[in-house]
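These notes open a run of structures that come right after.
Below are two complexes that have chain A in common, paired first with chain B and then with chain C.
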Partner chain A sequence: MKIRSVLAIMAALVLCVFSAGTALAQNGVTDTEIHIGQWGPQTGPAAPWGAVARGTGVLFDMVNAQGGIHGRKIVYHMFDDGYNPAKTMAGVKELQESSTGIFAWASGVGTAPGLAVKEYLASRQVPWVGPASGSPHWSEPPQRNLFGVYPLYFLEAKTLTRYAVERMGKKRVAIMYQNDDYGKNGVDGAREELASHGLELVEAVPVELTDTDLRSHLLRLRRANADCVLLWLSPTHAVMSVGTAKAMNFTPQFMSTSTCSDFPLMIHISKGLWEGVITASFGELPTSGSPLMLEYRKAFDQFAAREERWGVFFTAGMGFVEPMVQALRNAGRDLTRERFIEEMEKIQNFQGILGNISFKPFDANDPSSRQGQYEVFLIECLANGDARRLTGWIDAR
Partner chain B sequence: MIDFIQMLLSGVAVGSSYALMGLAMVLIYKTSEVVNFAQGEMALVSVFMTYLVLAFHGWPFHLAFPAALIFSFFLGCFLEWAVLRRAKTPNILSMIIITIGIEMILLGLVSWKFGADPKTLPFPIGPYDAFLVGDLFISHLEIMTLVLALVIMVSLFLFLRYTRFGMAMKATQQNPVAARLMGIRVNRILMVTWGISAGVGGIAGLLIAPTVMSPFMMWDPMLKGFAGAVLGGMTSLPGAVAGAYIVGVVENLFGGYVSTEFKSVVAFVIIVVVLCVKPSGLLARHYVKKV
Partner chain C sequence: MDRKRSYYEDVALFDSKAKLFWFFVLMAFLVAYPHIVPSNSYIYMANLMAINIIVVLGLNLLVGFTGQISLGHAGFFCVGAYATITLMIHAGLPFIVALPAAALISALLGFLLGLPALRLEGPYLSIATLGFGISITKVIGKMQFFGGRQGLHAPELTIGSWNLDTDLDFYYLAVGLTVLLTIAARNIVKTRVGRAFIAIREDDIAAQTTGVNLTYYKTLAFALSAFYTGLAGGLFAFVLRFIEPEMFTLLMSILFLAMVVVGGLGSIMGSITGAVLITWLDLQLRHILTIPYIGDWLRTLSQSWFSITGVSNIQYIVLGTIVVLIMVFEPLGLYGLWIRAKKYWKTWPF
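Our next item is the complex of A and B:
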């Protein structure tokens, strides 16, 4: 009898705790505030990409300074996950289940950290816009609450390969790729594009994240007599590859992804060797003089920390959330998550500092209902770290 | 054939930085039988301090590099004096664990202070300028590393064999109590050994940093150097150097002919095989402790 009553009390307590939890869980909107969260590595080896999350913050500061959105200010919660998926999950959960909750998640750097929280956010139908990675996982299969903006790495590889074959007359294309999801997307894209020209990769060399010596990798490429090499690597490895190639007098055309398109940084760490490398870019360059970019630059001067650098990762962080801000504006004063998702779906031919962005009403069989941007353009690095634009916007599908 | 010779050459080139790390670890092991896992991160701190004075305070090279070595030396001495010597009831295992702790603290410090963007250390010679003979290449920096590794090995070897300090180190390793009874200041010997070892590691770091510079840059060279040292017998300086070159060459041949994917693992396979087959290593004379 005694045991049974103890059990009953425990059950009641558990029930209380759970129901209290749901009663308290808010949707992140109050009369005066919209709570938006983001993770991004501010420490550790992936820290250079952490500028994305800070860029988002400055865009929100600018929106708030202009009066906010229908009388509400954006309250931005950014945390450092150090590119560690376990920390991403812990941080997202903590913020999401806090007293005010998070209305929607903005961007968030990295494939692995994003994958760690994808299911969690889906199960709660919390909107998430613009993961900062070109992985196909965001829209294949599409998920109702998740809107991808970053064009797929796969398409970047296709675009670069097409340019190499059609415009530069390259016949012997090879790739060095980071041995993970990111790198393999590059291999797939290059392979598919080459096949459509009746060609094959002459060599595909995997690089481990911990490798510190790439001589034997480059030797393989030289042996394969490659005349164009795609580098689907981290910035450090990409620079090391170009340098090692130079040391062995191996001079193919190097091409790389948008993750290595921060030319001032690349020129600096490569001590000038990045000159002539062609990369994809999914957004206007920070140095472009477009009115919108100039406006953002002003916001940067006003709100960013003093040691912040006006680079491509920083502006990308602003670009990824432009559609989000637009949808929040269109949703009007009666802001709910449902309403917000409807407005996101209505975004058509949106033009901010990234490429053309369009979504569609949810269709479980159509990835393009949740992948907004497919366009990239190509740029070449000049000696002083500036970029020369080689093409207009290309949709390589 | 050209490829084969190039792989040998590349193996020797990369082996030189492993050799320096191996030498540094052997020095400490020789006196105290402690495997110092903080070796890489001690060098890391020196490298980032050098970067700081070069890039932000505008020191010239001829001032910054000697300063870096002096700093390394004192850092090594300090860590021995401030951390290892404080250990209560020190046995070898707990000492090794302490070095792992130091490793993590130093790594955390550097990531926190310097984090963010990747960098490369300014250096008087370009890291990718190379001598080319036909299709064969070796960079200037690699030749410099090779020469330094051999010079340091020889001078340490002579220093340990023919100086009183070297004898004292040997005595300390073989029997600390007896050494102390003979009037050797064991603590000081240990401290200075840590200092010298940190200096050698610091040189390795400075030679690696022009190509890669990030908080994780020393981890790989340290483990490969350790593998080389184990292969050579852990107590023999020429053994450590030879071992490191073997690791570098085998690794490059494996990467060139078998798989780049598993190239980094080769060093650890070597450790395991050596420990199974010939635990005393290739060149070490096995010293049996008399009880």
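Our next item is the complex of A and C:
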């Protein structure tokens, strides 16, 4: 009896084995829908950056409200990965391999979460547009399915340094940097730009993520007599540096990256000390009166959650996917991934709320075939959290 | 219920034919599982579950059986992951050698951490292990040899001529190892070593007077536990094929511990159920807002009390609530629930 039941179960299982496994993954496009996915931390310490993913959602809502794209609505799947790469991978696989699948991935906050899924998306040739981090990993080496929009941190450092040396007459530039990929890109950029002026960094001080006292770091900068200090740090550490410097009467010109360019937030957490700091910005400011920004603002009022803040990260989330929406429009009714990638490659001098964006046909030796934006402009923080624009768009290559 | 007549009956792996039968049913299910699930993501989830089961088996040997607490298991997990990849890249070892070697390195660190544990107990020990767990990731993050904060990419995973490049291949590796390690753990706790562990947990002085060598068995518990965890870490490196030090956080150690407690302290089956349940909740609770009615209600709740943006810190609150409820109503964890169910059916329908 027992042996017979074992056999019966085995037979049933074998049947299952042969009947399953034939279902094909879908490509995320139906007659009426285009499925787009994105991850973003909505919980945990990186949660403030989660506004990027919500911004993207509001832009898609706006596109849908205007009638969608060639008769299709964008169905947006956003999930919370808590900035944990294992969860990013879990969510991406789950959505990608669901019955409808995901046509393309939009943005996605963070270098580590992005790196975790990069190969997976490449192996399936699923398009991915505008990872929300200025890491060089997205376009060096270039990858056919992956289009970078965020300008490299490296170029932000070059632009800021050039401005300090040429326009402000600074001679003793130093940097405080987070001891990782992000920070080192800043150091490299500043070094390269200074070398072209025959100068060197007077000091480069690494900061660990866990450091809670930056006095010794700033003492080193003061001893080096720096008159301009780049802060390639997280917002918290950047604010702490400015505060500590103030307490020890050390007053160089502070400069920082686009990650610290949310001035209302920075003024709030630094209790006003962020005033006068110069940062790079890769997109029109939320307060700018450009017609496109006003249109987005209207969409924000209509679709965003009640407590949402109209800030830099939110509008960045809209900007990162503008070229994606454009390429979807250009691809017409016969939408395939192949077709979409071709249209992405055709994007030339595209102007949305970010800088000028251009891609090229795929070339494995040319990162600029997949890195679309190289422009930033510089802004200075005012006492009330507003920004004063210092320059036009600059391409620092 | 299970009356034993001889010592050998007690140490036997399967004490009845029925158990053996269900074991084979389970094995058949595990073999068939990847083919009956609707999509690959379930296989990925099963892989994460298998890895967590290995960790929790190891952690349970330490916490549940020996009574020594550890808040640093993410550290061993990290060591296992880094050692496996480093040995493969720099020493050119094949995976099949690198994985056990990495587990042994982790075990060595476990042994070293076990030494102070001889003098520390309870909260003091938890702080010592906590320190280990946090500092090891910082040390690795500082060293360029380990890729620093940029992390490491895993090489190709091959065993002989078998190239494990899909989740399905990896599933058979991970689940196969999990089954082997589960049987090994069951053997350990059923025989001399396990009895020594339990004796130490109940009362270490009494254990010593009856001839249990405390130094040996306490450090052995740490080493064994670290071995399991290191092995799981080595597998984990190939789930993402990318690791960086900040992935192995304190929160990870605490989740491991939660799996042990929710599953049931001092129980092999509890380890498995706890790991499966918490992994599932951790991955799937983010869908909670899409459940009809309950989702909307939770969203309103979250918006009015917890989160400024209205998007879900609620999943962690729900996870916490579930863990607390299990503890309140079933202090023995899921294993306790199982025992109760078994007792109930034994006398059914009376």
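Convention: the second predicted complex is superposed on the first by the 374 of 397 C-alpha atoms of A that agree within 3 Å, B and C clash if a C-alpha of one lies under 4 Å from a C-alpha of the other, contacts with A are read in each partner's own complex, and residues count from 1 in each chain.
Basically, a residue touches a chain if its C-beta (ideal position, glycine included) is under 8 Å from a C-beta of that chain, and two chains touch if they have at least 3 such contacts.
The structure presented is a predicted model; accordingly, all values stated were derived computationally and were not measured.
**Q** Determine, under the contact definition given at the top, whether A:Arg306 touches first (chain B), second (chain C), both, or neither.
**A** It touches chain C, and chain B stays clear.
**Q** Identify the partner contact of A:Thr259: answer first if only chain B is touched, second if only chain C is, both if each is, neither if none is.
**A** In the superposition, A:Thr259 contacts neither chain B nor chain C.
**Q** Does chain B (first) or chain C (second) touch A:Ser107, or do both, or does neither?
**A** neither
**Q** Once the shared chain is lined up, is A:Lys93 touching chain B (first), chain C (second), both, or neither of them?
**A** In the superposed model, A:Lys93 contacts chain C only, not chain B.
**Q** Check the residue A:Thr315 against both partner chains and state whether it touches chain B (first), chain C (second), both, or neither.
**A** neither
**Q** With both complexes overlaid on chain A, does A:Gln42 touch chain B (first), chain C (second), both or neither?
**A** both
**Q** Considering only touches as defined above, state whether A:Lys246 meets chain B (first), chain C (second), both or neither.
**A** First partner only.
**Q** Is A:Gly50 touching anything from chain B or chain C once the two structures are fitted on A? First, second, both or neither.
**A** Touch status of A:Gly50: both partners.
**Q** Under the stated touch criterion, which partner chain does A:Thr279 make contact with: chain B (first), chain C (second), both, or neither?
**A** So A:Thr279 meets neither chain B nor chain C here.
**Q** Shared contact residues on chain A, chain B side and chain C side combined as an intersection?
**A** In chain A, residues 42-43, 50, 179, 208, 210 are touched by chain B and also by chain C.
**Q** Hey, which residues of chain A end up touching chain B in the complex?
**A** Within the complex, chain A touches chain B at residues 42-45, 47-48, 50, 179, 205-208, 210-213, 215-217, 219-220, 223, 235-236, 239-240, 243-244, 246-249, 265, 269-271, 273, 309.
**Q** Okay, in this complex, where on chain A does chain C touch?
**A** 2, 6, 9-10, 13-14, 16-17, 20-21, 23, 25, 42-43, 50-51, 54, 79-80, 84-87, 89-91, 93-94, 96-99, 112, 115-116, 119, 179-181, 208-210, 305-308
**Q** Quick check on the complex: what are the chain B residues that touch chain A?
**A** Those in contact with chain A are residues 3, 6-7, 10, 13-14, 111-112, 115-120, 126-130, 132, 135, 137, 139, 208, 211-212, 214-217, 219-221, 251-252, 255-256, 260-261, 263-264.
**Q** For chain C, which residues count as touching chain A in their complex?
**A** Interface residues on the chain C side: 17, 21, 24-25, 28-29, 31-32, 35-41, 44-45, 48, 138, 141-142, 148-151, 167, 236, 239-242, 244, 246-247, 282-283, 286, 303, 308-313, 315-316.
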